[in-house]
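In what follows, structures are represented as C-alpha cells.
Two complexes, one shared chain (chain A), two partners (chain B, chain C).
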Partner chain A sequence: MKRFALAGNPNCGKTTLFNALTGSTAHVGNWPGVTVDKKTGTYKKCPEPVEIVDLPGIYSLSPYTPEEVIARNYILDEKPDCIINIVDATNLERNLYLTTQVMEIDVPVVIALNMMDEVEKLGNTIDEKLLEERLNVPVVKTSALKESGLDDLMKRAYAASTKPREGTSVLESSALSHLIGDVKIALKGQGVANPLFHAVKLVENDSIETEMHKETLPMIEEFKATFEDDVFGDDFEALVADARYKYISKYFAPVMTKKQEKFSMTKSDKIDRVLTHKVWGIPIFLVILFLVFHLTFSEDLLYLGAAGVFDKPVVAYSTVTGEEIAEEDFTSGAIYLDEDGNEVEAVFYGDEFVELAPVPYAYDKEGNKITAFYDAEGNELTVLADDEGELLDLYDAEGNKYETFYNADGYECTLALNEEGEFEDVEFVSEIDAFCSEITVNTFFGYEESVYSPGVILFNALDTFTGLLSACMSEAMASAPAWASGLVVDGILGGLFSVLSFLPQILLLFLFFSLLEDSGYMARVAFILDRIFRRFGLSGRAFMPMIMGFGCSIPAMTNTRTLADDKERTATIRVIPFFSCSAKLPILTAIAGGIVQFFGVGNADLITYAMYLLGIVVAILAVILMRSTTMKGEVPPFIMELPTYHLPQFKALMIHLFDKAKHFIKKAFTIILASTIVIWFISHFSWNWHYLEDSEMNLSILAGLGGLLQPIFTPLGFGSQLGEYGWVFVVAAVTGLIAKENVIATFGTLAACITAGFAANEALGGVDSVVQMITATGITVPALIAFIAFNMTTIPCFAAVATAKAELPNKKSFKMTLLFWVATSYIVASMIYLIGSWWWTAFIFAAVIAVVIAFIVLYNKRDAKGKAKAA
Partner chain B sequence: MERTLDSFEISDVGIVKKVGGEGQIKRRLFDMGITPGAEIKMRKRAPLGDPIEITVRGYELTLRKAEAACVTMEVKG
Partner chain C sequence: MSVFLQVLLIVACVAIVVGVVISRIIAWKKGKPPCDCGCSECPGCSACKRAKEKEKQ
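This part shows the complex of A and B:
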C-alpha cells in the first residue's frame, strides 16, 4: 500500500483535509497545534488504497518542539511515497517557506493550495499554473472544508508517486549555491540519503544534523571559512532563512493577485479589536468562562429567579375569618388557606419568609384528614420529602425514622392506608405517594421559582428517564432472589445511571469549549494571558493544554508537545489534572448538590464554580513552587501565530461531540460497569463468601479493606471520624483511580444499600446518593469540600497516568509526578478540612508556608550567588 | 531611523534590518517570517501590555516584548 504524508504549517487545514480524505473523525481545532501526534487513515478512490498519514503542523524542518521532531523524522526516516504539502493559500509566503524545505528532500511532492474558498471570498486570485511552473511540482487548488479539488489532488499525487523525484532547492540561485553544492557532493560520496536536504541543514548548523554528521563537520567548517557575506557575516542560519524568504517574495508571492489593500481592516480584525481590547479583554474572557459554566450547571439561569422575575405576590387567607393576609404579616409555621382553600404553612428561613408550603396530610382509619403527626409519646414528628415531593419520611427531633405515627388524639395510624381507610399492600414509598398525594414538603431552604440552564434541563430529563428505567427494572425483578435484584438494580443500574446522568452536562461543556477553540478565540486567550502565565514561569502556550484539561487530561497532556522546554512541559503535565476534567464533573455537581440539599447552604453552581477555581489556584501555586525549586529554568519564548477568526463548522462540531459521547458511553459500559459490579460483589460478600443483606454491609470485604485505609484520611475529614460507614468515602476515592466517574458511581451503588428500607431497590441519582451518604455518616461540609478537592488533585485515572508516563521526559520525573499528586491532594484536602473546621489552624498553616517560602527564597539566593561565583 | 520592534507604537510600520537573539529564539523568528526585508506592522498590545501582536507577511503573529527586542527595525515614515 502506498503511503502519502500530509505536511504543512500548523492550522493550515491538514486535519480537515485528512478527515475529508479518509472519512475519519480526528479532532480539528482553530489554533496552532491541535494535531500533535501522527494519525493514519485510508483513501480508497485511487487505483489502489492509499494510506494517508496526518503529521503535526510545522513551520520549518528545523525542529524546535517535540511535535516538529515527529514530523521531520517521519518524512526523513519513513520515506513516504509522496508528500502532500498543504499550503494555506490565505497566508502564502510563510507557508511556502516550509515548502522550500520539503522540496529539498528526494521525495515526490504535491502542493495543495488549501483554503481557496477563503481566498476567493476576499476577492483574491492565485495563478496556480504559474506557481506550478516555478516550483516544478504539481499544484492543486483545494478547499478541505468544502471538499473541493480533493479527488484531483489525490489523482495528481498518485501519478507523482509513481516516479522518483530528486530534491531541488531555491538556494541554488543564491550566493550559497556553491557552498551547499560542495557539501552535497561530499555527503553523496558518503552514501547519505537526501544529500541536498542534509547539506542545507548542515550549512545552517542545525543541531540534530551536526550530531549526526560529526565526522563531516571539520570539512564543512573549512568550506564555510571561504565564504563571507557582507550583511550576515558568518551567520549561516540567517543567510539561509533570508535567502528562502527573498526567493519566495520574488518568485512565488506574485502569483497571488490581491484585491484588498495591505493592513486593511477585515472582519476578523474588528472582532479582535473587541475581544482583545486593552481594558475589556480580560473581563470579557472571565465573563465568557463564567457563562460557559453557568449555562451548563446553573439551576437559576442568569439569576432571574434570585432577581425576583418569577415572584408572584403571595396571597393567603386566614383559616378563621377568611380575610386576606399580606406577606409581611405572615408568622413562621402558621397555617393559612391558599387561593384554592387548601391549608398551607408559612415557611421561614431565619427571619425571612420563603414560601407557602402545602401542609403534609394523610388519612386515619376513619378517613379523617390529619396534618399533624405524633409519636407514641405525643411528640410531634417532622415530615421530610425531596424537592419533587417524591420521598416522605417521618423523623423525630433525634432523627429517628418512624413508619407509624399517631394523630392528635393519640390514635395509631399507619401509612399503609388509603383515603377510604383500606389497607393497601404496596411498597413503602409508593404507599406514601398514594396517601399523601400532592405533598410537597418544605426542604430546608426552598428554591425560589427559576429557569434552569440548558445543562440542568437536559440533566433532569435524563435523570427522570433513568429513574423510571430502574423503577421498572426493580418491579420486574420483584420475584427474583434478593441478591439478583440487588446486583442488577443497585449494583449495575445504580452505578451506571449515576454516571450517565451527567453525560448531557459533560457534552454541553465540551461543546462550548469546542466552539471557543474552533472560532480561534482560544489562541487570543493565550495572547491575553501570557503576561500572567509568565509570572508563573510558563508561556501563554501552556494555557492551551491546561484549558483542554477541563475536557480530558489525556489529549491535554499530549498537547504539551507544543511546548519547547522540557521543564515547562513537566510542570504543565503535572498540573493538568488539577483542571478538573469532565469525568470529575459528577463529583463536583453531585457533592455540591448534596451539600445544598442537605445542609441548605450555598448554591450548587457557585460551589462547582468555586471548586474549578480552587483547582486553578492549586495549579498556579504548584507551578510557581516547581518553577522555583525542582523545575527551574528560563521562561520559554512565546512566538505564536494568531489564526483568523471563523465560524465554527457545524458538521465538524457535531462529529466531535458524537465522538465524545460515544467514548463516554463506551467507558460507562466497560470499565465503569465492570468496576461497579466488582464493588457490588465485594460489598455484598463477607470474607468467608457469605452473601450479605444490605444492612449487613459493614461485614463485607470492601468495608474491611476500606477500614484499613480509613485512618490515613482522618486529617482530611473523611477518615475514622465518620464511623461505621466512613469507609465508603475511602473506597470511592480509590475506585476513582480506575476512572473518576467511579467516585459517584460507587456512592450510587453503596448508598442505595446503606440506607436500605428507605429507598430500597431504587437506583439513586448522583445528588441523592450523596445526600444518603451524608445522612449515614454525618460528614461535615468542610470534609465534603475536602473530599472534592482530594479527588480533583490526587492521582488522575489510569489512562491519564499512562499518558503522563509516555509524555514525561524521563522515568524519574514520572515517579516524582506520582508522589507530587499524592502529596498535593493530601495537603490541599487536609488544609481545607482543618481550616474549615477549626479556623485558627489557618495560622499554623500560614506559619508553615511562610517558613517553606523563606527557605526556598534563601536557598535560591545562595544558589544564584554560588553560580555567579562559579561563572 | 532604527528602532527595535518592542519600542514600536501601535500602527507603526517598519522594515526588518537585523534579527538578533539567542539560537532558538532567532531560529523561531526566522521560521515565522521575520527576516531582513520583511515589512512589519505593529497592531496591538495585550491587555497587560505584553505580549504584542504584529502583522508580518500577511498574517498575525504574537510575540513578547523580550523577543521583539531582538528585532532591529527601520521605521517607515
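This part shows the complex of A and C:
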C-alpha cells in the first residue's frame, strides 16, 4: 500500500482535505494547531489503496515546535511515497517557504493549491502552469472545502509516486550554493540519505542535524569560514531564510495576479476591529459566552417571567358569601372557590402562601363528583376502611355500588385514605396515566410563566420521553418483587435517564462552541487573552487546549504538546480540568436547576455560567500561583496567524455533533450503566449481605463507606451536618472519579429510593433527583455551590488522570498534580461554603491570602537576590 | 415475575458490570485511552488507530 503524507502550514486545510479524501471525521478547527499528532486514513480511488497521513501544521522543517519535529521525523524516517504539500493559495508566498524545504527531500512532491475558491472570490488568479514549470513538480488547484480538484490531485500524486525524485533547492541559485553543494557532496560520500536536505540544515546550524552529524561538523565549519556576508555575518539560519524568501518573491510571487494592489481592509479586518478591541474584546467575549449559556440553559429566555409579564393575580372567592378574597387574606388550609366555581385549598409553606390547590374529589363513571359515600344500607360513611385498613364496599345515595373511581380529568383512580380511614385524595391506578396527566404544552415550552430557551425545550422533550419509558417499565413490573422493580426502575433507569436527559443541552452547547471555533472567533479569543495570560505566566497559545477542555480534558491535555515550554505545559495540564468538560455539565445543570426549583434562587443559566467562570478564575489564580513559585519560567512569544472568518461547514458541524452524541450514549450504556448497577446493589445490601428495603438504605454497605468519609467533607458543607442521607453526596463525589456523569447518575439511582415526598419506584430526572436530595438532607445553597465547585476542580475522571500521567514529564510531577487537584478543590469548595454561610469568614480568607501573597513576594525577592549573588 | 426472570435479571446485571470492566481493561492494555469523548476531536486518536491495527494483525 502506498503512503502519501499531507504537509502544509497550520490552518491551510490539511485536515479538511484529509477528511474529504478518506471519509474520516477528524476534528477540523478554524485555528492553527488543531492537529498535534499525525492521523491516518485510506483513499480508495487510486489503482491501489493509498494510506493518507495527516501531519500537524508546520511553518518549516526546523525543530522549533513539537509539531515540526513530528512532521519532520515522519517525512525523513517513514519515507512516504509522495508528499502532498498543501499550500494556502490566499497566502501563497508565506506558504511556499515550507514548499522550498520539502522539495529538498528526495521524495516525490505534489503541490495542492488549496482554497482556490477564496482566491477566485477575491478576484485574483494564479497561473498554476507557470508555478509548476518553476517548481518542477506537479501543481493542482483544489478546494478541500468544496471537494473540487481532489481526484486530479490524487491522480497526479499517484503518478508522481511511481517515479523517484531527487531533491532540489532554490538555494542552488543563491550565494550559498557552493557551500551547500560542498556539504552535500561530503554527506553523499558518507552514504547519508536526503543529502541536500541535511546539507542545508547543517548549514543552518539545525540543532537535530548538528547532533546527528557531529563528526562532519569540523569540516562544515571549515567550509563556512570561507563564506562571508555583509548583512547577516555568520548567522547562517537567517542567511538561508533570506535566500529562500528572495527566491520566492522573485520567481514564485509573480504567478499570482491580484485584482487590486491598493490596500483595503478585508471583512475579517473590519470585524476584528470590534471583536479584538483592546478594551472591548474581553467584555464582548464574556457577553458571547453568556448568550451561549442563556440559549442553552435559560428557563426565561426573554426575561419576560422576571419582568412579571406572566404574573396573574390570584383570585379566590368565599364559599359562603361568594365575595372575592385578596391573596393577603388567605389562611392556610382554608377552602375557597376559584373562577370556575371549583373548590380550592390555600397551601402555605411556613407563613408564605404557595398556591391554591384543587380540593381532591373522586368521580364516578359518569363524571359526577362524589361528595359522600354510603354503605349497602344507605348509611353515610366517613371512615371508608375496615379494621385491617381494607377499603369497604362503597355505594352512592341510590344504592349503586362503586366499582371504579376516577379523578377530575377522567383517569381511573383508587381512593387514598388517611390513618383514620377517612378519604384524603385519589391516586392513579396506572403509572402511565399519572405521568401523562402531568404533560401539557407548558411542560415543554413553559409559556405560562416564561419562555424557555431552545436547550431547555429539547431537555424537557427528552426528559418527558425518558419519564414515559420509566413509567411504562414501572407499570410492567408492578407484579415483580420490590427488589427487582427497584433495581430496574430506580437503579438502572433512574441512573441512566438522569444523565441521558442532558444530552440535548450538551449537544447544543457544543454546537455553539463549534460555531465559534469554526468561524475563527476562538483564535481571536486566544489573541485577546494572550495579553492577560502573559501577565500570569502563560501565553495565549495555552488558551486553545483550555478551550478544548470545555469538551473533554483528554484531547485538551494531549493538545498541550503544542506548548514548547515544559513548565508552561505542566501548569496548563493541571488547570485544564477546571474548564468544565461536557461530563460535568449534568452536575452543573441539575444542581443549578435544583437550587432554582427548591429555593427559588436565581436563574439556572446564570448559576451555570457563573460556575463556568468560576472554573476559569480558579484556573487563572492557580496558574499565577504556580508560575510565581515552583514553575517560574519565561513566557515564549505567542505568534499566531489569525484565520479569516468564514461560515462554519454544516457537514463538519453535524459530524462533530453526531460523534459527540454517539460517544455520550455509548458511555451511558457502558460505564454509567455498570456504575448504577453496582451503586444500587451496594446501597441495598448490608455488610452481612442481607437485602435492605429502601427505608433501610442507611444500613447498607454504601452508606457505611460514605459515612466513613462524610466528616472529611464537613468544612465543605456536604459532610456530617447533612444527617442520615448526607452520605449520598459523598458517594456521588467519589463515583464521579470513574466518570463525572456518575455524580448525577448516583443521585438518580439513590434519590428515588429516599421516599420523602416522591412516589417510590419512580425514575427521577436529574433536576428532580437533586430536589429530592435537598428535601431529604436539608443541604443549603452555599453547600450545593460548594459541591459543584468541588466536583469541577477535584481530580478528574480516571481516563483524564491516565492522560495527565502520560503527558506530564515525570512521576513526581504527576503525584504533585494529583495533590494539587485535591488541595485546590478542597480549598475552593470550603471557601465557597464558609463565606456563603458566614460572610465574615471572608475576612479570615482575605487575611490568609494576603499572608500567602506576602510570603511569595518575599520568597521571590530572596530568590532573585540569591541568583544575582550567584551570578 | 417468575424466579427464572429474577435469576436472569441478576445474571444480566453481573454480565454488564463484568463485561464493562473487562472491556476497559483490555482496551487499556492495548493502549486505547478509554476517554469516550469522541474521536473526531481527539488529537490522540491515532494512538487508538494504531492499537486497532495491531489488533487486526
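Throughout what follows, the second predicted complex is superposed on the first by the 722 of 871 C-alpha atoms of A that agree within 3 Å, B and C clash if a C-alpha of one lies under 4 Å from a C-alpha of the other, contacts with A are read in each partner's own complex, and residues count from 1 in each chain.
By our rule, a contact is a pair of C-beta atoms (placed from the backbone, for glycine too) under 8 Å apart; a residue touches a chain by one contact, two chains touch by 3 or more.
Quick caveat: nothing in here was measured; it's all calculated off a predicted structure.
In the superposition on chain A, contact is made by A:278 with chain B only, not with chain C.
When the two complexes are overlaid on their common chain A, residue A:802 makes contact with chain C while staying clear of chain B. Of the two partner chains placed by the overlay, neither chain B nor chain C lies in contact with A:227. With both structures placed on the common chain, the touch criterion links A:845 to neither chain B nor chain C. Residue contacts after overlaying the shared chain place A:303 against neither chain B nor chain C.
By the touch criterion defined above, A:479 lies against chain C but remains apart from chain B after alignment on the C-alpha atoms of chain A. Look at A:659: by the touch rule set out above, it reaches chain C but stays clear of chain B.
In the superposition on chain A, A:245 makes contact with chain B only, not with chain C. Contact residues of chain A toward chain C in the complex are 25-27, 34-40, 477, 479-481, 484, 487-488, 548, 551-552, 554-555, 558-559, 561, 581-582, 655-656, 659-660, 662-664, 666-667, 670-671, 673-674, 677-678, 681, 739, 799-800, 802-803. Chain B meets chain A in the complex at residues 13, 19, 24-33, 35-38, 41, 44-51, 53, 55, 57-64, 66-67. Those residues of chain A that touch chain B in the shared complex are 59-60, 62, 64, 90-94, 97, 231, 237-238, 241-242, 245-246, 249, 262-263, 276-279, 281-282, 526-528, 530-532, 534, 540, 564, 637-642, 644. Against chain A, in their complex, chain C makes its touches with residues 1, 5-6, 9, 13, 16-17, 19-21, 23-24, 28, 33-47, 49.
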